[in-house]
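Same chain, two partners: subunit A is paired with subunit B first, then with subunit C.
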Partner chain A sequence: MSGPMSAGDGFQGLKLRQLSRRVGSHTLVDQLSLTVAPGEILALLGPSGCGKSSTLRLIAGLDPASSGEIQLGGRNITALPPAERQVAMVFQSYALFPHLSVERNLSLGMELRGMGRAEIQRDLDQVLALMQLEGLRQRKPAELSGGQRQRVALARALIRRPALFLLDEPMSNLDAQLRDNLRAELRTLLRSTGVPVVYVTHDQHEAMGLADRIVVLREGRLQQLGTAERLYRDPANRFVARFLGSPTVNLIERGTTQLGLRPELLELTDAGSPVPQGWEALEGQLSHREWLGDRVISHVQCAEQGTLRVLSREAPISSALQVRWRQADALRFDARSGERLPGSNTPHTE
Partner chain B sequence: MRWRLWLLMAPALALLLAIFAAPLLHYLWLSTQAQSVLTGLQPQPIGAQQWLRLWNDGRFWQDTWQTLRFSAASVSLEMLLGLAVALLLNQPLRGRGVLRTISLLPWALPTTVMALGWRWIFNDPYGPISRLLAGLELPAIPFLSNPALTWMATVGADTWKTTPFVALLLLAGLQTIPADLYEAAALEGATPWQTLRRITLPLLTPYLLIALLFRLAQALGVFDLIQVLTGGGPAGSTESLALYAYLNAMRFLDFGYSATLLLGSFAILLILCGAGAVIWRWSLRWQGGLR
Partner chain C sequence: MARLLLLLWSLGPMLWQLYSSLKPSEALSGLGAGGWTLENYRQLLQGDPPFLTYLINSVVVGASSTALTLALAVPCAYALSRLGRRQARALTALVAAAAAFPAVLLFLALLELARDWHLANQLLALSLPYAGLCLPLAILLLQAAFADIPVELEEAALIEGMGLWQRLRWILLPLMAPAMASSALLVFLFSWNEYPIALTWLSRTELLTLAPAMARIAGSSVYTIPYGACAAATVLGSAPLILLMLLFQRQIISGLTQGAIKG
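For the complex of A and B:
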């Protein structure tokens, strides 16, 4: 590609370069740079207000960028209006047109673009079949269940054959069981489109189960980008360590350092047991247990260090306990800044 | 058990009967009576004579035409302008709150006060418009003495006063439309005009119909504006049905005929509302049902 509009370098996916959005004195997105390859699913993960939805709106063109650049398919799309970006978006609310039938919801965009009737009908039949919506053609959004509405919203995005897929918490309006069932299905569907997918969520399970890579955002800034495993085992800072994993990572003070202990890497034995070499231990009292079926979360009160959460297969027998861990398994953070300190644990290869 | 239902509804039914049914029935009875100065203001049964008189009364039919013309013109103007104002006030503008308040002022004024104001504005040699024209050495416009202009002046004054009402109602409707529908439409490549036609107007339809219904009912019964602005003149060219009925009762003391006139205009209103309801149903079917 050449010409004034193409500042690309041949990369066919989505590329953000130093992308920022400021509103007044607030910085919603701060110098965000990342790439998403064709066929890759990238999750933007973070608590509410971290800038993940703002980022998505910038990519879609619903809000203007304050600075930085968005490239799609080697084309600079930063200044293009939403319609010319070839992006499809699934909104959190699904944003289905309440006065139109399922069929018309899907075909409206094609009608607006002046596509022929036969062409519209062909695409419609294809996508309705793919999304198993054939029986619901004439229904209004109000006559659909939550799961059906989500399928219609996905179908409306698919039918555009977009160059980029954006999804804004598409599962948050579904009940937990449906969400678990849909995750694998949605992943297969999104992968099959062969275009970059950006998926916004605040749910770590969703991000870990669906995405190829995850970006953790905080206050508009990128905290870490990587695979779920990398983020979990080798977090860049305390925020990432705390955001991924349930139960949450245990944090204990060691002077100016903080140790991050994953609940499943802790072991429980009787109080007073000898501590093996290369291990560290705390003694405490069992305060209560959460039984999860296959696992047990034991809450162990360890004097001034507070309560440690330990995830294990077997419930502890006694109430006076020793909690111990391999020193190599502890994540070490700077207590003040929360940054990860080097040489703390053996980094796991991906 | 059914009697209990009726018992529970009884207070509401009694109120409805007392407020609507009783006066209507009384008027029906009165329209079969002669009760005027000629009968010493005592009711005398005369059968259907009042209705015959109504049928042959050229002034009644002229007033019907004038009332319909006034209503059609002012209500369509108000709907169009009201929609435009509502769309404008729904935009994220600086100082939108202030604009919204200002735009409501005409509606907050009592009709009599604003009608007096307009009468002064339209006043032939001394009003502001005449003076402005005189200053530009243009001939004065006889707003309130030329019949062709006067009915337009009444429409103008009514539109000025009631557009804010329509705008407010439609603005409320616009605010029920979620922003992400517009964003979804923008992603689909809809132009502003397509968005208005395909998204905004269909979703605003219930509010448009409510505004239309309210405004039509009020316009067809217009009285105070015309009474103050023109008194029905010149030469009865702006007289409305309500004004004619009022004159019969209060000036000519012909209560029997006044009741007949009111029932006559009530019948016209009913026919129009019936037609409106049919159109509503039809438009819903055309859109494939709105919920």
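For the complex of A and C:
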């Protein structure tokens, strides 16, 4: 865990305190409190409409906060206009100025802020080299590929030397392969800036692969904040458990509680096998399999409990199966509220 | 073949004017009769005042009307495009109603205004009613163009630290060039062709704009209709417009079809 859990007033990173945004009777962001240390990447994760982009817009100053406070580098920036916050933002659409060349996209802001020509030129050369954009200086955004546009958008953010980096789904316009390749590169680049980074995404792989810590949001409320591993192994509630992990966690009813079973923690054997001490089992029929290359997802139809997804290395041979799991591996939730019930599983180590 | 017919259909009247303007008056009753002459043009250009004065007057009025309209319409359209949806819809309906208002009904009131505020016989004052009449349409056109620009572009500029005027000057207006060009041309055309207001607001001959000047040329004699002079005046009067159209053709077409292709 790299993020400091306590932060005094001299805290140099980003700090949100009870931040809310309400529009009419709608609460977009609800009493959100969190900190991001310098050099740390925090991912805001959640389905669309969960308030992650609204939070980012509050931090950037594009929307006013209804209540609460935003601190950056020890000063209260809640009421400052965007221009005075020293934040840089990469938009989902990249928001490159379509009528300006790559070079002008980067330099216009600096020019209008009254920076000297020599200084601008020096920064331009530096950032364009860093982002490998030197050959594209005179191109217009329309003449660039998706990946190049993303690099220009990042370059435009970097060149400002911001005190805070905000990214709104910067990968969503790229194809899957490019996304996988860029993740590590982007992480290194963002870490190297040494400023807090807030990264909005709805993609759990992106959040887990890029961020130091993850915040899961739902309806504007913080569900859980922690490292990817913590969120995966020790989710605070059913929503977090379901949102992280693919295939999704299996949920089976046990009266007023619900068991959450990770597909990779389930074992398959022949139906009727004896169940070992400390294990639980269900019997069912194999309905179909998805072959993933190195693993197989088996869909096992278990009478009234519905279908369980089991992730294993080898495909089951028979079709009448027993699905079993260590009782200690099951996550227990309150069936009504979805809250995690205490003492349900011991943190698992591999 | 179909194209040729279409071309003849649209260009025919213009070519006929050009032909008539180059013929002596007495030759016009019979096709092909008489030689070619520049007499019609000579008379116009050396008249009192020379025809060029009218042209210049029209250009002055057109340019000032256009400038005034855009200067007022750009901020209005920007404000409308950034208002909340419900307010914007109500105000846009109002603007549209104003655009549909029959200008003829304003005519007498305008005349009163000209008299009371001593605006008669002042070229630049003409751009007041012209801008007023063109404003609603220009606002609607520009508002649509503003709405076509993604909000993130302006937000990105905001985060870059640009103020309102900087965002307009460096980001929004350059992206609206086509819409600005087509709105400007609409205003200019309106002002160029406008007749009743110009006729009543201007009485001194050397201040006349093209439309009333042409009427005066056509009606200068009770006994004959000076076809040749009229034709020459038409040719000279439309030449600047054709030139403008050719110069800004691409912008204007993309401005008029902007919403249609970008989706």
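Heads up, the rule we're going with is that the second predicted complex is superposed on the first by the 339 of 350 C-alpha atoms of A that agree within 3 Å, B and C clash if a C-alpha of one lies under 4 Å from a C-alpha of the other, contacts with A are read in each partner's own complex, and residues count from 1 in each chain.
Please note the rule applied: a residue touches a chain if its C-beta (ideal position, glycine included) is under 8 Å from a C-beta of that chain, and two chains touch if they have at least 3 such contacts.
Just so it is clear, the model here is predicted, and its values are computed rather than measured.
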Partners on subunit A (subunit B, subunit C) - clash or fit: clash
Which of subunit B and subunit C A:Arg324 touches, first, second, both or neither: neither
Partner chain in contact with A:Pro98 - subunit B first, subunit C second, else both or neither: both
First, second, both or neither for A:Ala142, with subunit B first and subunit C second: first
Subunit A positions touched by subunit B in one structure and by subunit C in the second: 60, 62, 81-84, 87-89, 91, 93, 95, 97-99, 108-109, 112-113, 160
List of subunit C residues in touch with subunit A within their complex: 150, 152-153, 155-163, 166, 170-171, 174-175
Residue ranges of subunit A in contact with subunit C within the complex: 60-62, 81-84, 87-89, 91-93, 95-99, 108-109, 112-113, 156, 160
Complex contact set, residues of subunit A against subunit B: 60, 62, 81-84, 87-89, 91, 93, 95, 97-101, 108-109, 112-113, 140, 142, 160
Subunit B - residues contacting subunit A, complex: 178, 180-181, 183-191, 194, 198-199, 202-203, 287-291
